[in-house]
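Structures follow.
The same chain A turns up in both complexes below, where it pairs with chain B and then with chain C.
Let's look at the complex of A and B:
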């Protein structure tokens, strides 16, 4: 019965969502990149020279332009650029989604606790959020990686998540504040529910849609930060991300000679982040009926 | 009175924030793996110089005493000596700061004005083709990958068309020759145009979108209807009544989005070899020049607190006594 209700709510939301041109465009681009990310698992099995990191075409010694065997050409040691692009899509999804997920989890929990508890706890948590919010995450990552050496991709993901929760927690906190004094919360308190139960059983379902909305924006910024870090040469050296590809084209001095190498990764980064952003905007309309009416008039 | 206590509270807050950042940085540098002395003194130094620095920085003392010395050094402007340049860090930073400020302020101001103007037009013609074109291009600007866009500009305008130099701030012949200041200025401007364009485009998107959404919400206010009822012309309503109020969140967001701008600024400086703080930071980090990296970072921390300062001092002027909460950035 309850499940049915959620499904119905989802379907109703989905209908509004897909009617939005931004949402439609976002979904289409996203599906294309998902297919690319999936393809990256199969490509090395076609021919070992299509392995994005170690596969080298034995006939090629310099960077060559697009051809039939190499759809986007090769880099300066003979690795296939298309295979790297596919692998980059996979890495971007991993980085974007997982760090957005972590930051949403941290931000939601802190926001709910802060809003629900109020008082000193609220002040301390929100001041902490303020400090972290104004810090430029790329600069922090640079300093940390110079002190601790090159980071593994998961550590990068985690640091981005830690740098990015404050904005989420602010939104969740204000939502929690408005929920806190609603009758149903007071009723459950009278019924003897513990604080933890109220937070996670009664408040959380009401703030989760908002958290998901913010997740799409977090994905965007996480992908951009990871790409920038890799571009500057501080990324995980064992991963082929789009930022890494740009770092290679820049460092090997091919940026003026090889447009087929320079253009695809950048376009991919922009398109993928754009699609997540569009999803967020469309979701915003599902969650905020005020916006919707305005959009239709 | 209310404003004064508010401002005082904010000032205390900034001071605390800055101390937290400084302390965190101190412990990060001391507790990270590796020899702590190598983080402060150049490992290439002779033993005598090394001993001098160790004494000066108090590295042979317990950690809380080191912390006191660190704070004292900070307030007297003694950030140590850069490993790479062999010069006091303070001097290097002072030289670089002007260039960053020049690039940063000019691009931010230009982008804010253009964003407010275009956002106003987009919101006013909501739903029209013009609005769609402006909004979509603003979205694209907003999600552009900065270094890639910079490289693309460099490739097209610098390399293919040969219109602009590929980097630096001044042509080499002007460094040595005795050219007049006017020629030098023009040359700097010529060098600045591409990085300026990069930062301008990147910032324009977010300002435009913010102005558009803020203007749309202002246009729903009752006083706009009143203005119409009074029979004011549409132009006066748009420019005087709506846009002025709608621009306020954009002004505050210029400050609040500074963290985002600093990331972008560092990347842009790096690509156009613009000798600013951001590039120096990346250079210091890549070469393990710890004193320089630390000082650059502290400066950036000071700067990210700075918009709050600006905001505090200009707030009473703008709003004449109305305590407002900073509008949360719509974008990020």
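Let's look at the complex of A and C:
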């Protein structure tokens, strides 16, 4: 009964969302990749040679094209490319969602505090955001990893999150500014509520939809940054990912000989990031009534 | 004890409020807005005191100063003779539990993401009063008092499921749930229909009778103030031009501005 309200809101939003062609297409692509990511857990159990990292087909010594045993073919040491592609989907979700989640959490908290506190706190936090915002995250990651050696995938996730909160915090801050003088906030102050309570109880539920919207865009950029980093040879070498597959196809000199190796990870990166982008656009429409078609409310 | 001076419940002494516009580069003109200019009045326990004036005359500013949403530029405000200007922390919290406010726009004063219960519970929760069960009882009881019955029915609803009049009743419930001594009601019916306005006035009168709470009733409508208030202060451009009992203000206005107000508001429409 109590949370009915949220469920109702969600269902209403979902209806508008799914009527939108972008939203529909985004969801379909996303579901396909999710199934791939799930499949990656089962494939190695069919046959140990389908392990994306360590599984080697004993009969194959060079990269071969698609066949019945290897749907997409193998790489130059005989590992199954389809298994790697599935593993890559899983890693893309982990990297994209977790670093987007961290950057949204950091950005939302800093944005709310900055907008609500104002004054010096606001100035300091926003100058910090400006400085980080103008730093190119890929270049920073490249410099850091050439200084400290190749990073573990979780450190990469964390660094992407640290680099990507400022844009979120700016949006959340301006939303907070427009909320903080609303009478329901002042009513809460008159009732004796503390600043922390006002921020987390009254402001947060009102900015959360916007934060989720930004999360979809952050996912896109995190996946792209990780892929670029891996392709350039600075990824986590113990972790298969789409960017890593591209790095291996390049490094082993098969770039122009093995399209069955090059094309699937490239297309996957584009499609998955595109689907998150489409989700974000469609969600924009749910959140901003001005963008809706007539007759929807 | 007889030599103990009897203080009014709440008192404004020479209160001035200036708003300074934001400093800008290259802008020499720094005209400050003098929202309130040396305001003096006092309100007794259980009294409904009207503050009447045109829009922009400083009424809302006056109410916001009383609940400490704003600080006076100079002058002091006292509750039972104790100045409140310097209150902080626990002291401020205690003050706020004694002085509450009802805001003008019921569509803006309730958080759309909180249920009616959560809204009315908040003052009890932040002041650490009672436990879950007693709070629930208190909220249900308060809903009945403000005429939202059956209370069970309203308890879990959300603001968007209520009419404007019902929302303002929720706001009134939130203001009275702590049993304050004094409530600022800032044009509580100006956004509502006349019939609903009259019902709310009756509710405020009942509450005053039942709990002996004092009100500062802010309105631009002399007729509404006359209906509800014991005494009325007329405010004009940040100045209080006249204070008197409601009857005297209407029947024997002294200040020319009051006379003009009466002339331009002949009708008894209740959009206070």
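To be clear about the criterion, the second predicted complex is superposed on the first by the 290 of 297 C-alpha atoms of A that agree within 3 Å, B and C clash if a C-alpha of one lies under 4 Å from a C-alpha of the other, contacts with A are read in each partner's own complex, and residues count from 1 in each chain.
Just so it is clear, a contact is a pair of C-beta atoms (placed from the backbone, for glycine too) under 8 Å apart; a residue touches a chain by one contact, two chains touch by 3 or more.
Everything quoted here is computed from the prediction, not taken from an experiment.
Q: Which term applies to chain B and chain C once both are placed on chain A by superposition, clash or fit?
A: Aligned on chain A, chain C fits beside chain B.
Q: Is A:206 touching anything from chain B or chain C once the two structures are fitted on A? First, second, both or neither.
A: second
Q: When the shared chain A is used to line up the two structures, what angle, as a multiple of 10 degrees, is there at the CA centre of chain A toward chain B and chain C?
A: 100
Q: Could you look at A:109 and tell me whether it touches chain B, chain C, both or neither (first, second, both, neither)?
A: After superposing on A, A:109 lies clear of both chain B and chain C.
Q: Where does A:32 make contact in the superposed view: on chain B (first), on chain C (second), on both, or on neither?
A: In the superposition, A:32 contacts neither chain B nor chain C.
Q: Looking at the overlay, what does A:177 touch: chain B (first), chain C (second), both, or neither?
A: Once the two structures are laid over each other on A, A:177 reaches no partner at all.
Q: Regarding the shared-chain residue A:193, is it in contact with chain B (first), chain C (second), both, or neither?
A: second
Q: On the overlay, how many Å separate the closest CA atoms of chain B and chain C?
A: 5 Å.
Q: Based on the A-chain superposition described above, do chain B and chain C contact any of the same residues on chain A, and if so which?
A: none
Q: If you look only at chain C, which of its residues touch chain A in the complex?
A: 67, 69, 93, 96-97, 99-101, 103-105, 108-115, 122-123, 126-127, 156, 158, 171, 174, 178
Q: Enumerate the contact residues on chain A facing chain B in the complex.
A: Residues of chain A touching chain B: 127, 130-131, 133-139, 142-149, 167, 170-171, 217, 220-221, 224-225, 227-228, 231-234, 246, 250, 255-256, 259, 262-263, 265-266, 269-270, 273-274, 277-278, 294.
Q: For the complex, give me every residue of chain A touching chain C.
A: Checking each residue of chain A against chain C gives 1-2, 4-5, 182-184, 186-194, 197, 201-202, 205-206.
Q: In their complex, what parts of chain B are in touch with chain A?
A: 13, 16-17, 20-21, 28-29, 32-33, 39, 139-140, 142-149, 151-152, 154-155, 159, 216, 256, 258-260, 262-263, 266-267, 270, 281-282, 284-286, 288, 290, 293, 297, 300-301, 304-305, 328-329, 331-332
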